[in-house]
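Take this structure first; my questions come after.
Order as written gives the chain letters A, B and C; numbering starts at 1 within each chain.
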Amino acid sequence: MTTLNGSSPATAPTASKRSRRGSLAKSRRRQAWAAWFFLSPTLLFFGIFLVLPLLFAIGLSLSVWGGFDLTRIEFTGLDNFGAILSEGSSFVAPILTNTLLFAFGAVALALVASVAIAHAITRLRFEGFWRTLYFLPIVTTVVAVGNIWKYLYEPGGGLINGLLNAVGISSVQFLSDPDTALPSVVVVQAWASIGSAILILTAGLKAIPHTYYEAGELDGTTAWSAFWHITLPLLRPTLLFVMITQFIGALQSFALIIVMTSGGPANATNVAGFEMYQQAFRFGSWGVASAMALVLFAVIFVITLLQLWFFRRKGEETS
Amino acid sequence: MKTRATARVVATAAVLLLGASACTTSNYEGGARDTLTILTHYANDPLKSGLQEMVDEWNAANPDLQVETQAVSFDELLQTITVRQTGGEAPDIVHAYSLWGGQLAEANVLAEVPEDVAQDVRDNYSPAAVGSVTVDDRIVGYPTEVQTYGLYYNKRLLAEAGYDAPPSSWEELEEIAAATTKRDDSGNIEVAGFGLTSGWDSAVVHPWVSLLQSAGGRYMNEDGTATAFDSPEGRAALELEKRMIDDGVADPAIDVLKSFPSGTTAMTINAGWWIGSLKTTMGDDYEDIGVAEIPGPEVGDTGSMAYGYFAGVNSRSERQDDAWEFLKWLNGEKGDNGATRMGSFQFSLGTIPGRMADSEALAGTIDDPNFDPFVAALEYAAPEPNGRNGQEMKSSLQGSIEAVWTGQQTVEEALAAAAAAADAALSEG
Amino acid sequence: MKPRRFPWFSYLLVAVGALIMVVPFLDMVFTSFKGPGEFGRLPYRFLPEDFDFANYGAAFSQLDMPRLFANSILMTGVAVFSTLLTASLAGYALAKLRFRGRAVLFRFVLATMMFPPFLFLIPNFLILANWPGAGGNDLFGAGGYGGLLTTYAALFMPFLVSGFGVFLMRQFVVAIPDEILEAARIDGAGELRIWWSIVVPQTKAALITLGLLTFVNVWNEYIWTLLVSTVNPDLMTLPVGIQLLQSYLDPNLTQPIVMAGLVISTLPVLLVFLLLQKYYIRGMMLSGLK
């Protein structure tokens, strides 16, 4: 990991000072020219597919547009935001609440499971083999993940209900009962993201120096309290990173929803990303959809800041 | 020097790759289309091949004006229309669900209908058909079919439970549904007495609207400006459905489209198009199937809702006249049997053609009594409202009904909320 | 240190977890061999009655598999190639070349990683549809037939450059000793040549890692490709095609065929992943330690 030391732009390479001044200036000019040349494709791309779309999204969110004829855009100020955030709008409840529940549930589940598994895996032989098994869903398309689980949940003929029936429990309508639909999808999201969490946590675990544990052993601490008092606190930065990235991922994820439930039953699994998609590409309400996208982005931003702030503060208290 | 040459090759390859893949893929040569395209949901047989047969006939007779069909499943049709329209690859002819008329008209997808076509529709189609293609007093296209609802039942399952006739009132409906239900040891339903299906808007909303009308209620008020379903009749219809779920004779998680043909659901409410599909999937077992008019609270009450499909021309098409030419041939010109091609095709599937002369010309050709209830319903069926927010309204109503089915909301709460949301949308749009 | 006890609890935990991870995949494979009517029969059975490849045949006959594969390969190939090229060049510039504005540009690249992709779904769709001078559009992007959206370019355009890729490459290039580059400059080598003959070989492992990450992401991309192939079905990729299988077929028979389709579409990525696992895992770990 030593390759990463230069991550701050301030530690620029010390240019050779041996060169004579004249040729140095010339070389500098040439370097600057080359640099802009090398960067131009990247900058052009970000101009077209990052800056322009952002402006476009903001503009659309302030307008009413039924699609297809750009001359028929009508500027309406903050009306779209007013409509989707008003009381009684289904965007706030249940859709945004679902989005948060979905993300919280999936991250909590994945985090607890991955800490436990990552910690256990480091004590086993054939670590790599075990990790690979947990990693399979990461490289699998969401279409496969969603469909596999849809059939596992199937009331007539799916594996999970097959097992329940075998022990005498009658079938559960996992995806068509609104009480179980969201938790069922949360499990799939957690299942699919646990692999990368384990991987990153393993890296974090390996970075904890052995001396800490040896000191603990001398004090006669149990494995459990070593985990609780040594491993977890030292793992905090890694945990924070995993939590934030998984949260961002889960808040915006809706491919799984498209594949598994299309937001149903009765909006029980409708999340903000899916509603945005639906408003634009199905109902033709592009302005409303863009406003939803920006609101969701704001939510993600605020939650990320909150997490950072919370962990920083806790870090200061304990240290 | 060698390395520099390699770098140059890499750069050139990149440019070529990008350039080559920006070339057009199909359909477009010199910026204009060389064929007329129809976008439809006739993606499966017998619909797909039936439409193709007519198109082939036209193509053989009109070498200069070739027509190409593009079919997607019904679930994807609205999204496909919206996405293609905005994405630029708009079909010349849109074959769409009547509910979307308002949304498509407002987004300026549909071209003005020529006066002779509009007049032909007004004069020669049944009121339910004309209603389904009228948006703000404007005709948006040719009605291609009209659908009404009936009560499908499985005679064999009813007979096994000791009934030789379909129910004629809600009370009898519940009684027969309870008598025909069967369960296995772990309590899973093996045969459901009545079929309700969640997850698909029409399957959730339309049977309820039909029951509401059989109780004498209305979906919309007289002039179509506000909803009228939050009424005693609306609540009674939803309570009936909820009771059957609570009693364990109906289960919305069962897919009726699969379970009814396989003989594991005794009764359900569906539209006339289903006859054609049941005949294909059930084969000889179709003999077991009967259809009755939808019963109401009292013996003699009945009701149904109506919806349809229409074929309109895209305002973005550069060959609108040609497109109307083709549609007139398809929907307006009489074939050898005295009916239009579209009419004969729909009739062969068990769907009532919208054009009245077609129904008369074809009346003698089919003797399946299961059609009678759907024809009778044409007299009283109320068309589904098709305003700007039609699809959104229907989706939210679906949510409310499902919330009642699953016990998340009471009937009163759900209908009041659905009506408030729909009325707000109506007054905006 | 005293010898540790055999960690039976850890083994149990990891093994049970692994079972939960693997059984769904096995269920996919086994279901893909089940015959008509075998899926959905109660009581549930894990193994198929016999291993019949009929469903694979059906998946191939229902979908234009060669086209789906070709589209997926084209999309992924161009995206990987372009991501590597641009990230390597930009990473070199940001790490080793001295010019005004470098710090600002580096921050900009970091900032691009903050914006979640869903934000760009709608605008990118509209931008490609109204691309000036393409697909019959005039120079203001109006009037034509979908601009670039109906062409193969629509598949990969939004995936040509990766902010994370630039960042990753920059971190690796920084580690190359300045003396090597300086010596090459004194020998009269141009920057392009230095990049090609020094920077690229020195960062080969990082390039493989980035290429693999991009490959997996783009190959599995679903929402963008769904939109693009709705506009023009000729552009359909494997994941979209497989999802479509469900609506094409008789619902009573589809499950095993869909599963066969899923096995077909998952296999290439799985093989590549298993072969080059260590590079992929290293990439994931690096992304964790930034």
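Operating definition for what follows: a contact is a pair of C-beta atoms (placed from the backbone, for glycine too) under 8 Å apart; a residue touches a chain by one contact, two chains touch by 3 or more.
Note that the structure is predicted; figures quoted are calculated from it, not measured.
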| item | value |
| --- | --- |
| Chain contact graph, described as a line, ring, star, complete graph or other shape | complete |
| Per Cα centroids, the chain farthest from chain C | B |
| Chain B and chain C, separation of their C-alpha mean positions in angstrom | 38 |
| Cα-centroid distance, chain A relative to chain C, in whole angstrom | 16 |
| Centre distance in Å when chain A and chain B are each reduced to the mean of their C-alpha atoms | 39 |
| Numbers and ranges of chain A residues touching at least 2 other chains | 156, 165, 281, 286 |
| Junction residues of chain B - those touching two or more other chains | 79, 83, 86, 188 |
| For chain C, residues contacting two or more additional chains | 42, 85, 126, 190, 192, 195, 227, 230 |
| Interfacial residue positions of chain A with respect to chain B in the complex | 66-69, 72, 88, 90, 155-156, 165, 168-171, 173, 176-179, 262, 264-267, 281-284, 286 |
| Residues of chain A touching chain C in the complex | 1-7, 9-10, 12-16, 19, 27-28, 30-32, 34-36, 38-39, 41-43, 45-46, 48-50, 52-54, 56-57, 60, 70, 113, 116-117, 119-121, 123-124, 128, 130-144, 147-149, 151-152, 154, 156-159, 161-163, 165-166, 191, 194-196, 199-200, 203-204, 214, 217, 238, 241-242, 248, 252, 254-255, 258-259, 273, 276-277, 280-281, 286, 289-290, 293-294, 296-297, 300 |
| Of chain C, residues touching chain A in the complex | 1, 4, 7, 9-11, 13-14, 17-18, 20-25, 27-28, 31, 39-46, 85-87, 89-90, 92-100, 102-103, 105-109, 112, 115-124, 126-127, 130, 142, 157-158, 160-161, 163, 166, 171-172, 174-175, 178-179, 182, 185-186, 190-192, 195, 216, 219-220, 222-223, 226-227, 230, 238-240, 242-243, 246, 255, 258-259, 262, 265-266, 269-270, 273-274, 277, 280-281, 284-290 |
| Chain B residues within the chain C interface of the complex | 3-4, 6-7, 10, 14, 17-18, 21-26, 28, 31-33, 43-44, 70, 73, 75-76, 79-80, 83-84, 86-89, 184, 188, 255, 257-258, 262, 281 |
| Residues of chain B that touch chain A when the two form their complex | 78-79, 82-83, 85-86, 90, 103, 106-109, 186-188, 198-199, 251-253, 316, 391-392, 396, 398-400, 402-403, 406, 408, 420-421 |
